[in-house]
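In this document, chain identifiers A, B, C, D, E and F correspond to the written order of the chains, with residue numbering beginning at 1 in each.
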Amino acid sequence: MQFSARNKLQGTVKEVRVGAVMAIVMVQVGENVIESAITKDAVEEMKLKAGDKVTVVVKSTSVMIMK
Amino acid sequence: MQFSARNKLQGTVKEVRVGAVMAIVMVQVGENVIESAITKDAVEEMKLKAGDKVTVVVKSTSVMIMK
Amino acid sequence: MQFSARNKLQGTVKEVRVGAVMAIVMVQVGENVIESAITKDAVEEMKLKAGDKVTVVVKSTSVMIMK
Amino acid sequence: MQFSARNKLQGTVKEVRVGAVMAIVMVQVGENVIESAITKDAVEEMKLKAGDKVTVVVKSTSVMIMK
Amino acid sequence: MQFSARNKLQGTVKEVRVGAVMAIVMVQVGENVIESAITKDAVEEMKLKAGDKVTVVVKSTSVMIMK
Amino acid sequence: MQFSARNKLQGTVKEVRVGAVMAIVMVQVGENVIESAITKDAVEEMKLKAGDKVTVVVKSTSVMIMK
């Protein structure tokens, strides 16, 4: 499987917080923690929980640069 | 200065490629290379070039998870 | 500090509404009110409240045109 | 016609720059200039040009806040 | 009315779920169900409900490809 | 493999147009053609070409509704 999204970072889920329809997933990637806002349905279908090995995916058009 | 975007990763620019109106900026962040597609104007105004110390910024609603 | 996101509009927070994990922030920018959906965590860390002077930021790849 | 995108700002096209597949459209909205990166095909089908009265549209999940 | 967003798909709302500030709208488009996360305010102002004929809109820079 | 992005539509590539750094990929999905703007690098690494069976992926926070 190949995917056009250019950024795929290996990490480990640190925390999952579920709201009414949205959820927050915190993923440890190297020395950084990356935060993702996805649907509650996605969290439940994927059974995402702390300790899971996951890949964080970001499309390059969503990435900004500060200097 | 505080910024609502939750993901701010320190890195070093590896490569800048400029097209007609868009540009690609590759940034080394720890062991990962993160790719950003921004406007050519942004690259020129910021004088972005290989070796620059930068912060990669991603809004959490743009982050996806694979498992 | 320079930022690749091309749209940075000065405004004043009119209203903040906080949900379980997400929040809505309304910002008066000139004659327009701009609405932002960010995480509840961002609102709390930034202590965002009505009356705050803020900058609304939008990446140009997120902007559409109707005619 | 009703549209779920929360931000719809009236403006006037100031400049259109067309690349190979993408294009940049600058729109004067009150005292601000808003920049949009859309496809070249969209610019051509809409015949977008300086002076056009347009509406700039942004989904609220794409809006960030700096303070 | 012309719109720069390149993807406009006709469909019928199957389900609407409303959270504290966000909402999920499921739309049947041909044989697929497309899920949209929009604000609760948008759902209420548009009076979105199952059975409504709608157009699903996606900017081409938000579309990814897997192979 | 499970993926948090909620919209995954099966289709066939109709056309690929490559610019300096970005590219446009048109995919037939049922009766609709869906347009994607991805990097030229993604197109080349995936060897995307007309006739390829692909999956179009869209995060639900990128989907809007018109009525």
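Rule of thumb we're sticking to: contacts are C-beta pairs under 8 Å (C-beta built on N, C-alpha and C of every residue); 3 or more make two chains touch, one makes a residue touch a chain.
Note that the structure is predicted; figures quoted are calculated from it, not measured.
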Centroid-based (C-alpha) most distant chain relative to subunit B: E
For subunit B paired with subunit D, centre-to-centre distance based on mean C-alpha positions, whole Å: 22
Interchain centroid distance [CA atoms averaged], subunit A/subunit D, Å: 29
Shared-contact residues (touching 2 or more other chains) in subunit E: 1-6, 19-20, 22, 24, 35-39, 41-42, 46, 57, 59-62, 64-67
Topology of the chain contact graph, where touching chains are joined (line, ring, star, complete, other): other
Subunit F-facing residues of subunit D, complex: 1-5, 19-22, 39, 41, 59, 61
Subunit A residues within the subunit C interface of the complex: 17-20, 22-24, 35, 37, 61-62, 64-67
Complex interface listing, subunit B residues touching subunit A: 5-9, 24-25, 27, 29-32, 34-38, 42, 46, 48, 52-67
For the subunit D and subunit E complex, residues of the former touching the latter: 1-6, 25, 36-39, 41-43, 45-46, 57, 59-61
